[in-house]
Amino acid sequence: MEELDAFTYRDRVAGGAPVLIPAGSIEQHGPHMPLSVDVLLSRKMAGTVAEATGCLVAAPIVYGYKSQQRSGGGNHLTGSTGLDAATVIAIARTQVLELARHGVRQVAFVNGHYENYQFLYEGADLAIRELRHDGITDMKVLLLSYWDFVDDAAIAELYPDGFPGWDLEHGGVLETSLMLLLHPDLVDMTRVADIPPAQLPSYDVLPARPEITPPSGCLSSGAAATAEKGQILLDRASAGMVAAIRGEFGM
Amino acid sequence: MEELDAFTYRDRVAGGAPVLIPAGSIEQHGPHMPLSVDVLLSRKMAGTVAEATGCLVAAPIVYGYKSQQRSGGGNHLTGSTGLDAATVIAIARTQVLELARHGVRQVAFVNGHYENYQFLYEGADLAIRELRHDGITDMKVLLLSYWDFVDDAAIAELYPDGFPGWDLEHGGVLETSLMLLLHPDLVDMTRVADIPPAQLPSYDVLPARPEITPPSGCLSSGAAATAEKGQILLDRASAGMVAAIRGEFGM
Amino acid sequence: MEELDAFTYRDRVAGGAPVLIPAGSIEQHGPHMPLSVDVLLSRKMAGTVAEATGCLVAAPIVYGYKSQQRSGGGNHLTGSTGLDAATVIAIARTQVLELARHGVRQVAFVNGHYENYQFLYEGADLAIRELRHDGITDMKVLLLSYWDFVDDAAIAELYPDGFPGWDLEHGGVLETSLMLLLHPDLVDMTRVADIPPAQLPSYDVLPARPEITPPSGCLSSGAAATAEKGQILLDRASAGMVAAIRGEFGM
Amino acid sequence: MEELDAFTYRDRVAGGAPVLIPAGSIEQHGPHMPLSVDVLLSRKMAGTVAEATGCLVAAPIVYGYKSQQRSGGGNHLTGSTGLDAATVIAIARTQVLELARHGVRQVAFVNGHYENYQFLYEGADLAIRELRHDGITDMKVLLLSYWDFVDDAAIAELYPDGFPGWDLEHGGVLETSLMLLLHPDLVDMTRVADIPPAQLPSYDVLPARPEITPPSGCLSSGAAATAEKGQILLDRASAGMVAAIRGEFGM
Amino acid sequence: MEELDAFTYRDRVAGGAPVLIPAGSIEQHGPHMPLSVDVLLSRKMAGTVAEATGCLVAAPIVYGYKSQQRSGGGNHLTGSTGLDAATVIAIARTQVLELARHGVRQVAFVNGHYENYQFLYEGADLAIRELRHDGITDMKVLLLSYWDFVDDAAIAELYPDGFPGWDLEHGGVLETSLMLLLHPDLVDMTRVADIPPAQLPSYDVLPARPEITPPSGCLSSGAAATAEKGQILLDRASAGMVAAIRGEFGM
Amino acid sequence: MEELDAFTYRDRVAGGAPVLIPAGSIEQHGPHMPLSVDVLLSRKMAGTVAEATGCLVAAPIVYGYKSQQRSGGGNHLTGSTGLDAATVIAIARTQVLELARHGVRQVAFVNGHYENYQFLYEGADLAIRELRHDGITDMKVLLLSYWDFVDDAAIAELYPDGFPGWDLEHGGVLETSLMLLLHPDLVDMTRVADIPPAQLPSYDVLPARPEITPPSGCLSSGAAATAEKGQILLDRASAGMVAAIRGEFGM
């Protein structure tokens, strides 16, 4: 959608194309990957899904919710640049409302930043409530976090030594493999911190206790990442999202 | 704290007692349990932890965030009464600020409603930021969801036929067992809907699709619940929370 | 409503039952009564009215607006835990909206905390405006402060030595008598501060001047309180509210 | 302050002058008085007090909170133009903050619209909280409603046939007499609706029930109003406010 | 509208009269003019337009957005008293909503404070969106800044030595001439600072750099101001606004 | 900054590098250019300035304020996707606050969307106020709209037939020339609508009157655009911004 002119966009919308909104963040991802990993990956994921389904991809949410220590290292770290909940909610709400004004009736957020989820949900919920006040009751919104579509078989294949859990996959094998596949020029594998998975408590502490985030800012090691694993991840996640979109949007 | 007079409360706070804030919801919990299950259980959990640690228990958050379909059946259901994100955030933020004004420096939310978590987090984060503006930098806030302290051993013991996942535990064995233990007069086991675990997608759809929530509103069956299982759950969860509180608060 | 399961609640709502929402606060009430007096009394008042009319009672508003010095001693006092106006407004607004979604069309706030009133009003007003956007124009909301239904005859009977005014009745004869009747185990009459009514200015000063609130935090003495007086108060107030509800709701 | 240039204003502020902020409303006041009665009277009251004390008078709050049926006839009436609570709060908060930035440390709201009071209070409270974050702890704010300074002796003199209560004094003897004294050209006594005091319930109903507001929009009759009574009211109210300001501000 | 009683106002509105809302500010205007110049001029402008067109004039927006350094000297100056954006937006939004409730369908803001413009725009935009939710789609709002109606011919006539630009016209020939015409008693020409136009950058710096605002607070000299120039300005500006209103409102 | 890893970013910040934030929009730019023109150009402008000065470039503001009819064709047009004022303000405010947390003390917004300006200003102003509460008083923020740095000489050279004004430069020579220089693959000159400059009123009308925006959505013709003109514009604008940044930031 960013690279389309308005007239072409109007034709696509008039043809009933759903719109995918990538949702990322500006967040530290260790010494070996850039701050925009979540933006880059959610855009590529959305792009892959769009190619397979004929959806449009909207301009991304670049800044997301504040990094949380147990899933992103914490928003006390320099580089991570997080928005308050109210702002993420407002952005998501407006995107749905504006797309509805354009005539779009099927929207899916393709989320690449764990912390965004509940706030995208609230934004979509508020938008649907407000659309109802305008007499629009046929808007449908999906909330997809791409890792939720990687199945157990793929996990077993990708993590032969055991899976640390999605929350610890910050800057780890998942994201590094996908970046090696999709943006190899932005990964420097010589700078990977090959650390054991972080030992994090089963609760949050505020303010963050800096000592429980590994010095690299990654919660597990990306050393075992390869572009091949990235391809498997991309295939499985995009296949799952394609299926969900086709099913929900009747495509 | 609700049953204390202000003078006694002041003595306790002056003595350095941390404060636990139970966070519940008004949400349908099937035909066999009342709308206030999350309030009741978070209060009892907090009470058990307080007895073991000498913490105070604040008046609870009674109304929580909107029920979500994949963890609570959905906020389209009559009876479930959910607040918007901004309101939950404001309540949590104010509680931390007011307790800080009282002189409290150690606060833990004891959460009994899955959907609340990210909004309690934001409220606590905003409060800590504002306290810093008042020169108060030694406030420490914990966010505890009680089920996160039930370990794998207990799960294996409690769910011999396999564990459906915490999100599907809405109105299921966990909550029903705890209610049988702690508020047996408010449970009617003859009304339990003995259903297989709900088959829910790995993403959210808005507006909710009513047909994917089981008619009972429960996401798994509570038929196997017993007060004995409730005791195991209470013991494990409270032991875990006691350990977390002692460790973090240096008690 | 808290102790009802969702199915029973739905039957009651389908039968046209109005809903009463008790609105309290967490606020110091002297050395002889707990912080939750306003919650406890507004619930009992609502319960009494509900029994007489067939209304449902919703889960209460536990935390209310900040205590003001001329009616509650002031929010500078430790123990009193007040919300900002925006939060009280949001809670009241959401309650009306959610009850409307359930199908309820008759709601009454039963207020037990003087300071809440204008903010409950705003919340109800905003909800009615928003409901209109959904095409719902038959919602009716009442705002009842229970003491407004105690008539002059009762006052003459209860205060033979003169009535200090409702605003000075914080922690005084009214509340203490009702607590002696309804929650005697939570009152310690040996701790009543038998003080003359506070001499307060006819205006507010911010920040509060601590020296004008009596050390007990009560604005008049509860020493003359008895359960018998509590019974008179409960009878008159509930009779007045019952009449108002019957009249307005056509019951 | 409105008619002062900035340099003169700075001299006055540097000299320690307190600032009075008149708070009015745009609200119907019957067929015999203009919509701006509350603005006009609060300005004159503030002006009288300022002359006696050397205070400055700020530009007024022209639009106030929504008219309520039991004190102003209701905001359903054409002409009455009310702000939401959040806006009144924001205006009052900003005025205190901006005056603090100017160097003012003593501020008094002179309120002429019953419904404003709690929202001015909240605005002042939020401002004082925010000033504390800037290290400013010596700001003092008074909230004065001018009728609260009319004593019982004056009431007996002014209302020989009995006093209907301040809330029913909307468009009645009090306001009409003051207008006859202070803005006689804006009063048309031939248009006074000489009605008995309105019979209003002891609670609010939303939405407003139009039939309980008298057709004139006044809650009691202004027929007995005279400029002489206006002078008594002005003298008593301003004397009381002058005393309060001198006492609180140490003048 | 301020001086009308509600019944007369209702007749005028029923007759289809549009409403003009003057939007001013409390802002320093140099040593020779009062803080309320923008309020005074926008009211007189609106009054002149109203006389020619039969519009009503609403009570003004007295406090406007914060003074900006490049158009008003900056909000760091004592005397200038600015509201945050959210508050100006809320006021403008509410005014349109309330006038719509009265039955008005044609509203024009007559702006006299450069900084207000975008926030009035947002307020009007939000109001129109909300009115749509009420099924009201025929509200029309104009945003007029009076200086935008002074044409090039008039400028050449008024500024024989060259026109500094509207943004530098703060406290300069435009405003001073209009004040000399409309409120001569509030101008003291002996106090005019006869300075060259301020040299301001083509960008904003925050916080303001006090040294780039001239000591007088005016951005250009008002020394050449005369009542005759004021008459030309008033004639041209009001003629342009009258034409715009007639054209847009079909009068 | 987007392509930097967090460790490299920290080194740059520790070295005192200022940060530039490009501010764009998603807005129709006629049939010949994409929706993201303002994002693309503000990034390239910022990049050019950064190369010359050693500043960092932050991830851009992708979605900006709603398109206004007199400067962007209007937000009623499909494709244009605008945020409410409150959201733009919140984003700008947070960016300044987060960069301050990182240790940055010099920030410049490089604005490429006319409508954003006042809301970026408010965001920066609120951030500076809040930073003061944290004891941070040395943050400095610049607001640069790149076209404000194109001088009269360049305009005369670029527009030999007369300059329509910056506001009408939406989709015209300025933006098209810059796109031809910087993103030629995203411009299709065969689709340029060669129209005379739009005749727009000197005021805004809400809701937008669609008939006054040319069908192309451009307010003037881009037919005369060339990459050479783009180079002149880039050179002049960036040179002006470089000078401003060097001067203000003491580089």
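Observations
Here the chain labels run A, B, C, D, E and F in written order, and each chain numbers its own residues starting at 1.
Criterion: a residue touches a chain if its C-beta (ideal position, glycine included) is under 8 Å from a C-beta of that chain, and two chains touch if they have at least 3 such contacts.
These figures come from a predicted structure and were not determined experimentally.
Counting hops only between chains that touch, chain B reaches chain C in a minimum of 1. Put simply, the chain farthest from chain C by mean CA position is F. Separating the centre of chain A from that of chain B, both taken as means of CA atoms, is a distance of 28 Å.
Centroid to centroid, with C-alpha atoms defining each point, chain A and chain E lie 47 Å apart.
Annotation for chain F: residues 84, 86, 133 touch two or more other chains.
Interface note: chains touch in the pairs A-B, A-C, A-E, A-F, B-C, B-D, B-F, C-D, C-E, D-E, D-F, E-F.
Here chain D touches chain C in the complex through residues 66, 68, 84-86, 89, 115, 117-119, 121-122, 124-126, 128, 140-145, 148-149, 201-207, 240, 244, 248, going by the rule given at the top.
Interface residues of chain B, counted against chain C in their complex, comprise 1-7, 9-10, 13, 26, 28-36, 39, 58-63, 77-84, 86-87, 90-91, 94-95, 98-99, 101-103, 186, 188, 191, 217.
Within the complex, the chain C residues that touch chain A are 130, 133-134. By the touch criterion given at the top, residues 132-133 of chain C touch chain E in their complex.
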